[in-house]
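Take a look at these structures.
Here subunit A shows up in two complexes: once beside subunit B, once beside subunit C.
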Partner chain A sequence: MSSLTSMDEAKASRIRHTLWFGLIGVVVLWFGSIPILDGNQSLYFSLMLWVTMATSFNIIAGFTGYMPFGFVAFYGMGTYTAAILVSIVKVSPYIAIPASGLAGVLIALLFAPTLRLGGIYFAIVSLSLAVILQRIMGLAPEDITGGSGGLNLGQHTVREQGFYAMLIVLVAALATVTWLTRSRLGKALRAIRDDAQAADAMGINVQRSRLYAWLLSALFASLCGGIQAWFTGALDPVTAFDVLITAKTVIYAMAGGLGTVTGPVIGTVILVWVDELIWRQFPVLNSFLLGLIIALLILFMPRGIIGTLMQKYPRCRRLIM
Partner chain B sequence: MKLMLNRLIGMTGALAVVAATLWIAHAEARAQDITIGMTVSSSGRFALAAQSGERGLKIWIDDVNRRGGVDVGGTKRKIKLVALDDRSDKTMVPRVYETLIKDEKVDILFGPFGSTLTGAAANTTENFSKFLVIWSASSDNIYEQGHKYVVSATQIAASRLGKPGADFMGSIDVKKLAIIYLDEPFPAGTAKGVKKRAEELGVEVVMFEKFSKGTKDFSVMIQKALATGAEVFYPASYEGDQMNIARQMRELDANFPITYMFYGSQPQFLDIGEDAKYLFSQTLLHEKVNWDVNAGLNRAQMVARYKEMFPDVAYAPDFQTALAYGAGAVLEEIIKKAGAIEPAKLKQAAIDLSGKLTVMTGPYEILPTGKQIQMEFVVMQNQKQGLEVVYPPSVATAKAIYPVPTYDKR
Partner chain C sequence: MSEVLVWNAMIGGIVFGMVYALIGCSLNVLAGVLRVINFAHGEFIIAGSFFAYALFTGLGLHPLLSLPICAVAFFVAGRGLYYLLVPRLARSDEPETSSFLLMFGVSLMLIAAMTWIFEADIRPLNFTFDPINVTLFTIENAYGEGRHGRVLIPTARIVALVINLFIIVGLTWYFYRTLPGKALRAATMNREAIQIVGINIHRLSSMAFGLATSLAGITGVLLALVIPSIDPNGGADIALIGFVVIVLGGLGHPVGALFAGIIFGFVEQFSNLMLPQAAAQMVGFIILVAVIFLKPSGLFGRSVLR
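So, the complex of A and B:
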């Protein structure tokens, strides 16, 4: 009986992974062909960026239960690092973008002691982190950060390369989260999320595990910021550290379902497409309608789309990452 | 049965022919229109100003179409506007402009409101080699990016926005100037421009301090400015902040010989009553500012058309309306000169027309980068009888009153 169950499990796992990797393959082929087919690069870039942001947020929030309200701090740091390196220091974007990821990791390390806090206290302290960084960028010498006017990359803006860079980072983020579900670290994070004390009693290094999740999360968010700077070419302290970026990330991730691999992806895709649809059809009311849809979604599906599906139809768990 | 079938086939064929003819006719009609694309913020911090600008552009489009369209190489072509929402969100701007270019297939782009959004828009339109007409972005930075198809039709660069005020100070031999400014592109750019020009004219800038967005209490900064002995107090920010500062100055009984507030002549600002009295300000749109135009409607005609087209809008036309209308009038001349709508020809025509046009917002003059160096605002003062133009002398309607009466003597 138990060997039958484990055989079933192994089969379900194979199906799950086949479906998941198949989906990633389709995504890569589809998105990869957009520039070639002269599709709307900005729309698909935006989709990739938000899927990556939601996925990276899922690493810290979904796997560990920590909600960083100041998540935009890493995004903003990545934006400024890439922009300063390209436009002021005159470094190639192929060096500036990875450097932007590193900058996010360094900031995350600097603020790692805040992981000792829990719940709302951590959430608020992380929010203050974003505000502090925004003020630093505004107050720093204008020769470096452009002051309140920000920076403009002008002719360094290379959309197509930025587009493919975003695709690479998206795939890397999805691969990382997939790996987490199967890895010891992922299992440790889930245990910590469910009961940190029990996890500690079982020999899991709670602080180190949380730190790894925090750093991974920061890495992808700051890469998103760096590539965004490369793609759009214009940034300033207000938009680079806009609290709405955190808000959208949280909403997209939760709409799909935190703690699952597919949830943030599905949530982001559905909401971005719905947003695109109503924006075109309702030029004046689109923001109101989008807010209404999100409110209803959270009200009736508090676990997110995937989370609710798995709760109502437990057999789905076998097929969904 | 066979007869009915034949009739059915015949009718279907006829309908198909009619439909195809109509579609071709419509497509041809569409092909004749020049489509202009722009983004307008329906929400967010730029909504009011963006919508004011959109109304200005619509006035121009209506006027052109009433005359049968723009002359493009001997053929009249009507203008069609496609406006999409950018939600005052810089990250949305590239997506919206790409949608306008690829999906809506617009011929020419108009910029969004403000430097913050226009910087992102210009990078996108330039990538697709599309002609972009800027009507409200003052940041000098935009014109330093090497863009080939960008022209500021009416909005003077930020570095020059403060010039009228500084020139006025120079003309009345001001010695000391205190500046405070909001740390955002437009007010910061204006403040720096005022400082630079004032210093060129021998005015000592005794205070130059920035404040962050969201500041509500300006009492310390006002007191500091007073302590410097400055003759002119120049708070550079948006309308809301300036109204707040005006009120707090009265509460503190902070009397400067001259107080200069950019938005001091706007209708909403004047509604604050006595606190707005004797302030110096600048504008492009006022009944006493009447340029001798050689393109488009003059000020009175534009205002009359605004009332006719927008009888239910709560807001009177302001300088954003004027800037956008003026940009449309300039664009019309550019298209006529170019005889085409290809971006390179339009840009060359824009440069060729520099120094030769005067629209309702003033004389048009650009650098090869597309930066607007004319369209200077005039200096106003809110005197007892109302707003008067006090500088430059060529268009002045009254002498400036300074030092202004102290609050206890008003």
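So, the complex of A and C:
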């Protein structure tokens, strides 16, 4: 009997993965053809950017249960590193983008002691650190960070290259979370999230596992920032460290469902479309609706779309990652 | 550095320190009784400022008269908000973080609503007391031979300080001498135990939420008197000062917030005086992070490490 169920599970897992990788393949072909077919590059770029952001947020929030309210710090750090390297040091974006990812990881290492903090203290400290970084960027000498006016690197970059770089990072991020769900690390992280003491007793290295998740999460978020600078060609401290970036990341990830692979993707795709198509027309209403959606999600659907589906129809688990 | 500036910083330290203490107290009522760190507290306070602004510009009502109206209105609104938001939260897996996120949503909505109603500009409350300033004393030869320096306090700041003192004394009396106040402190200490002795925790919690909101509204009116203008986007900075104060004073500890508020008021005024503006803006955040790492329980308070 048990061999049957394990075979069953193996089959379900195969179906899940075939569906998932097929979907990723379709997305790569579809999105990859956008610049060639002269599609709406900005829309598809922001879809890819936010899916990656939500996915990387999911690594730390969904898999480990931390709520970094200053998540934008990594993004902003990536933006600035890429922009400074390209426009002032004058290196190629192909070097600047990996460097921006590295910068995010270094900042995450610097902030790693915050992982010792409990729930709300972690949130407050994370938020403050993001604001400190923002102020530093705004106040640094103008010939380094451009001061409060920011930097412009449009003449050094090609938009299409940024678009394809984003596609590569998106696929890398999705591959990473897919790997996480099956890997030892991913299982360790979930065990820690549910009960850190029990996980510790089972021989899981709690600190190290959390650190890995934290660094992975920071890596992808800062890559997003770097590529965003590459694609748009301009930045300033207010928008690069805007608290709304954290807000959107959190909402998109939560709307789909934290802790699932597909959740943040689905949540982002739905909400970015809604955002682009409807709310853009009304900027003030936009942030009101963002707030309203956060509140409604927390109150009525804390597990998000995919999480709720899985809870109500457990058989979905066979098909959804 | 002139002696006059040092005196001004000290007076500013007391006036703003007391306002910060009040912010810390109201945040702490929520943190203690409800285990909610109110991210939207800054926006509640700004809403209080706009309340006074609207009554003054619309009806010509004296800001001090709008104070009690604001207190009552915000108390009622706060209780309503409690029943709307909080009971559902108790069922979530991690109420502390969820509530932080929930109030983050509320703060986005409030900012948008205030920006929509009052537009994105900052607005001065065009109200002055007569006389505008009171001369406290004169320092002989402050700016060199024969040029005396006068230490002035805007009357509005004195009024705000006096009202603030009354409120703090009233709160202390409430917390330590009345039964509901004692119940609130008891709920901070042990939320389960007080239900055993027959206290309706929902009623008490809604009172706490109402009280905290009402205090936020009052703080907003006082703040409108002492700062030059009201900014619908200024809530985050105020909330952050509140976080510094409650972390410094110990989460959920009303007396701790009082001391921490005054300490922070002084630190802020003197860093404005002595540091370049750029560095002064970061002092609050740096204190916050440093305290959480070096003495996470604050001056009083509980342990927070995982």
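Just so it is clear, the second predicted complex is superposed on the first by the 298 of 321 C-alpha atoms of A that agree within 3 Å, B and C clash if a C-alpha of one lies under 4 Å from a C-alpha of the other, contacts with A are read in each partner's own complex, and residues count from 1 in each chain.
The rule we apply is simple: a contact is a pair of C-beta atoms (placed from the backbone, for glycine too) under 8 Å apart; a residue touches a chain by one contact, two chains touch by 3 or more.
Given the structure is predicted, the values throughout are model-derived calculations rather than measurements.
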Problem set entry | Which of subunit B and subunit C A:Ala196 touches, first, second, both or neither | second
For this session: Would you sort A:Thr239 into first (subunit B), second (subunit C), both or neither based on which partner it touches?
Result: first
Problem set entry | First (subunit B), second (subunit C), both or neither touched by A:Lys312 | neither
Problem set entry | subunit B versus subunit C as contact partner of A:Val284, first or second or both or neither | both
Problem set entry | Partner chain(s) touched by A:Ile293 [first = subunit B, second = subunit C, both, neither] | second
Exercise. For A:Lys11, is the partner it touches subunit B (first), subunit C (second), both, or none of the two (neither)?
Worked result: neither
For this session: Answer with first, second, both or neither: which of subunit B and subunit C does A:Ser148 touch in the superposed model?
Result: first
Problem set entry | Touching partner for A:Leu129 - first (subunit B), second (subunit C), both, neither | second
Exercise. Do any residues of subunit A touch both subunit B and subunit C, and if so, which are they?
Worked result: 135, 284, 286-287
Exercise. Can you list the subunit C residues touching subunit A in their complex?
Worked result: 37, 85, 88-89, 92-94, 96-98, 100-102, 104-113, 115-116, 236, 240, 243, 247, 278-279, 281-282, 285-286, 288-289, 292-293, 296, 304-306
Problem set entry | subunit A to subunit B touching residues, read off their complex | 38-43, 45-46, 135, 138, 146-150, 152-155, 157, 159, 228, 231-236, 238-239, 244, 279-280, 283-284, 286-287
Problem set entry | Contacting residues of subunit B [partner subunit A, same complex] | 42-43, 83-85, 87, 89-91, 93-99, 102-103, 115-116, 119-120, 123-124, 127, 139, 141-142, 144-147, 183-185, 188-189, 210, 212-213
Exercise. Any idea which subunit A residues touch subunit C in the complex?
Worked result: 65, 67, 69, 113, 116-121, 123-125, 127-129, 131-132, 135-136, 139, 196, 243, 247, 250, 284-288, 290-295, 298-300, 302
